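This structure is in C-alpha cells; I'll ask about it shortly.
Which chain is which? They are A, B, C and D, in the order written, and residues in each are numbered from 1.
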C-alpha cells in the first residue's frame, strides 16, 4: 500500500490488527515472502498426504491393518484444512467473493466430506476432491510457461464452446435413438445385456466413444450388423470435435506468429488499421511513420 | 401480409377460416407470439416426458409396478402428438411438402411406433425417436450462436463428404478381407468367437474402430500377430478422417478471418491489394479512385 | 487406332482375330460401349454374389441346409472368373505387365483360393478377397468426384509416408519394451493373461491403440499403475499420426485455394517466380505484363 | 586428422595404440568403412536374435523343449554385448560422456538384466530393452529421409511440450476425482470391480483413454449414468492433445513452404517485402540496394 493509496483511502490507516491480517494474507494467498513460500509448500505436501490417506483407507488390506492411524491422521489434516479455510475467510477483504469463487468452493468441498462422513460413512472418500486444490499451488509458484500452455488450451476450448455444445447435444440425441433401436433388436436376448432402454443408451455411449467394455454386446446377427454401422459412422464422426478444436488451435497459433501490424496511427486523420508495410495513410494520404 | 402482397394475389383476401389457419400456423410453427412460445414450451416438455415414459417402461422393475399408468400416459401423449401432426398438416400451405420434409418425417415417425405397438409390442419402444423433434425446438427458440456452430460443423462435413464416403467404402472393403483372413486363422478355435465370416467381419469393425468389446478375440499366436498388425495400421489410419475434416475446418476458419482487400490499383506506383475503403495508396500516398 | 498409328506400326494392320481381340478388350477393360457397360455391371453383381456365398458358407446354420447349392454356385462363379481372367490375359497387349499389376494380382488371388480349397478346405474362405475387385469397377464407372477425394487422401498419406513409418517403427520398438516390463510384473499371475512376452506385447498393442479387449488385463496394483501410465502417455501420443496427416491435408487444401501466381516471365531477362502483384521484374527492372 | 589439427595439438602425434583405438572407433561408431558396415550389420542381426531368444524363453511350450540352448545362446550374446560395451568405453575420447549419454545408458541397460537374472530370475526378461539399440543403427545407416520425418515429429512434440504437460496433469487430477466419486457410487457392489479408490482411478484412466477393458464396469444405474457423462466429456476432450500437436505440425509445415522475403525497402516508392535476391522494386521498377 503506497502513498497514493493512503491519500485515496485516508481511513484505512493500518491498525495493528489490520496489519496482522495483511501479513497473514500475504502468507496464505501469495508466495513472494519466505513464510508464504513455506506455507504453500507445507500445504502442497499436506494435500498430497491427505489424498494418499483417503486412497489407502479405501484399500481393504491396508485399512484392516492401519484403520486407527489413518482415521486419526485424516481428522488431524481435515482440522488443519478447516483452520486454514477460516483464516482465508478472515484475511480476504471480501469474504463472500472468495466464498463463491472457484477456489473458495473447492476449498470448502475439500473439508466437507470428512465431516459428512460422520453421518454417511462412504461420503468421506469424496475428500480426495482436495487434489483439485493443487491447481492453485501451480498458479502461486508461477509456472508461467505451463500456465500459458493451459491458457492456450482454455482459449481454444472457449472459442469452440458453441460448436462443442452443439456436437455433444447431437451425440446425446442420437445415442437415445440408437439405444432404443438396439433395445428393440436385442432386448429379447437377455445374455446380450440390453436389458432396458437406459442400459442400451449406456451401450451406445460406450460404443460411440470407442470405449467398448464388452459387458453389453449384441449377440444376434442383425444386432451386430447395426452395431457395425454405428461404429463405422462413429469412426467418421470422431473426427468432428478434433477438427473443431484443432481449427481453433491453428488459428491461435497463427495469431501468435503474425508480426504486430495495424498499430500505426495516422498523425493527420488518426485513422488506424493500416495494412502491413503501408507508407501512407489509406484514408487521407498523409505519410505514416 | 402487406398491401403489395394483396395487389399481387388479389384472390387471397382472408376469409375467417383462413385467418384462423394463419393464427394456428403462427402458434405451431413460430414462437414470436406469446401463444407460440407457450405452445412450443409445452411441446418441449411433452417430448421429454414421453421419452422418459418409454424408457421407464423398458425397465422391468419400474414397468412391473406402474405398467398401467405408463401405458395410459403414453397413449394420452401419442394422441396429443397425433392431433398436433394433423393440425400441422392442416395449417401449412403445402401439406405434401411438409409431409416429405425432414421434420415432417420425424413427426410421423414419432407417433407411428405406439400404434404399431398394438400389433408388434416391442416396436413401441422405437417411439423414443421423438427426441429428434428437439432439433426443431432449438431452431424455433433461435439459439443462433449454437446454430451457427452447427452450421460450421455441417459445412465442414459436407465439403469433405466425397472424401469421407471414399474412406468409409475403403474401410468396408478392407474389413471384409481382414475378417475372412482371421476366420481362416482362428475359425478352428470356437473359444475365440470367430464362428463365421460375418462374425469375423464384425470383429474387424470392432477392432479397427478401436471399440474392442473382447467378446471375440484371437487366441492363437498367429491370430494375435495378425490382429496386432491390423491394430497398428488402424492406429495410423484413424488419422485420415480427422485430417480430412480438420483441413476443411481450418479452411473455413481462415476465410472468416481474412481482411477484405479489393482490386484497386494505384495510378502512380501501380501498387494493388489495398484495404476495402482505402482512399489513398498505402505505398506512395497517391489518391485511389 | 488412327492413321498415324498405322503409319508408325505398318505391320499391325488388323487381322480378323486382332479386331476381335480389340473388341473384347473394349468390353472387358472399358465401359464406354453398351456391351462394356453390361459386362462390368454383370461382373459387379457376380462379385457381390460370390462374396455373399462365401460368407453364407461360413455360417454353420446356413451351410448345414444349403451346402450343396452353395458349393455348386461357388464353383460356377469361380469358373466364370477363371475364364474372365484368361480372356483378360488374352486381350491385353502386354500380358506380363497386367499379370504383375495391382489389379492383375487381385484378379488371380480372387480365383486361387477356391482351387486351393480342394486340398486345404478352409483356404477357400479367402476367396472373399475378390471384394477388392470392386475398386476397379469404381474406376471404370468414373465416379470422378470420389476418385478425386481418394486421391487427396492418398496424396496426404504418401507425403507423410516417411513420418508415418518412423512413427510406426517407434511404436513397434516401444511396444516390445512395454510388453517385456509388464511380463516381468504380471507374469506370475496367470489369471492376468500375461503368459509370455509375445502375449504381453500383444496386450501392449491392444492397449496403446485403445482397442482394449480385456482378455488380458493387469491384476496387481503395480501392474495397473504401469498400465495407467502407458495409457495416459498413449493418449498424448495418439495425437501424433493425426497431427502429421492433418498438417499434410491442410497444406493440400491451401494449395488448392491459392491463386495461381508466379506464372509471369520477364520478357527482357526471362526471370520467373515473381511475387503476386509485381509490376516490374525483380531481377532486371523491366515492366511485367 | 589433418595438418592443421597436428599443429594445434602437437602432443597428439599418434602412437600405435592410439591409431588402433581410432580404427576401432571408426568400426564401432561409424559405418563409412567396410568393416564399420560389417560390424553394424552383425550387431543389428545379433540384437534381433537376442530379443527373439528372450521372447522364446518366455513362452512355456518353447522353453520346456529348448531351455538349455536358449540359455547358452543368451549368455553368448550377452557376453559379446558386454565386450562391445567395454570396447565402446575404451575407444571414445570421453568415456563418461558416453556413459551418461542416451545411447550409453541403453547399451548398459541391455546387458545388465541377464547378469541380474542370476539373482532375480524373472528380471532377465527385461533384456528385451536391447531392441531400443536399433535406434542407433537407423542413425548409422543414414536413413535421412526417415530421420527428418522423426525430427519433424520430435519438434512438434517439443514445441507443444508445455501444453501437453498441462493437459496430462489436468487429466491426472481429474482422474483422481472421478475415481473417488465412482468408488463412492459403485464401491458397495463388489461385482462391479470398484474395490478401492486406486482401482477406481485405474478404471477412470481406462475409460477416459477409451481403452475400456471391461474388467471393471459400473453395474448400478447411477454409476452407468456418471460413466456415460465421463465418456461423452472424454470424447470432446480427446480432441485437445490432437489439436495441440496438429497446430504445431501445421505451423512447421507452413514455415517450410513460405517464400523467403527480405527487409529491403525501395528508395523510390518505399515498397518493402521483396523476394530474396531481387534487384529491382517489384512495384515501380526502381533499383534496390
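Quick note on the criterion: contacts are C-beta pairs under 8 Å (C-beta built on N, C-alpha and C of every residue); 3 or more make two chains touch, one makes a residue touch a chain.
All figures in this text were calculated on a predicted structure; none of them were measured in a lab.
**Student:** Could you check if the interface between copies subunit A and subunit D is built from the same residues on both sides, meaning over half shared, or from different ones?
**Tutor:** different
**Student:** Taking mean CA positions as centres, which chain lies farthest from subunit B?
**Tutor:** Here the answer is chain D, farthest from subunit B.
**Student:** Where the centres are mean C-alpha positions, what is the separation of subunit A from subunit D, in Å?
**Tutor:** The separation of the two C-alpha centroids amounts to 30 Å.
**Student:** Please work out the Cα centroid separation of subunit C and subunit D, and write it as a whole number of Å.
**Tutor:** Roughly 29 Å separates the two chain centres.
**Student:** Give the residues of subunit B that touch two or more other chains, as numbers and ranges in rising order.
**Tutor:** 164, 167, 198, 201, 210-214, 238, 242, 244, 246, 248, 250, 270-271, 273, 283-284
**Student:** In the complex of these two chains, what residues of subunit B are touching subunit D?
**Tutor:** 210-214, 242, 246, 250, 269-271, 283-284
**Student:** Report the residues of subunit B in contact with subunit C in the complex, numbered from low to high.
**Tutor:** Residues 162-167, 169-170, 173, 176-177, 179-181, 183-184, 187-188, 195-198, 201, 207, 210-214, 217, 221, 224-225, 227-228, 231-232, 234-236, 238-240, 242-244, 246-248, 250-251, 270-273 of subunit B touch subunit C in their complex.
**Student:** In the complex, go through subunit A and note every residue touching subunit D.
**Tutor:** Residues of subunit A touching subunit D: 51, 54-55, 58-60, 122-123, 125-126, 128-129, 131-132, 134-135, 138, 145-150, 152-153, 156-157, 164, 167-168, 171-172, 198-199, 201-202, 205-206, 208-215, 238, 241-242, 244-246, 248-250, 252-254, 257, 277, 279.
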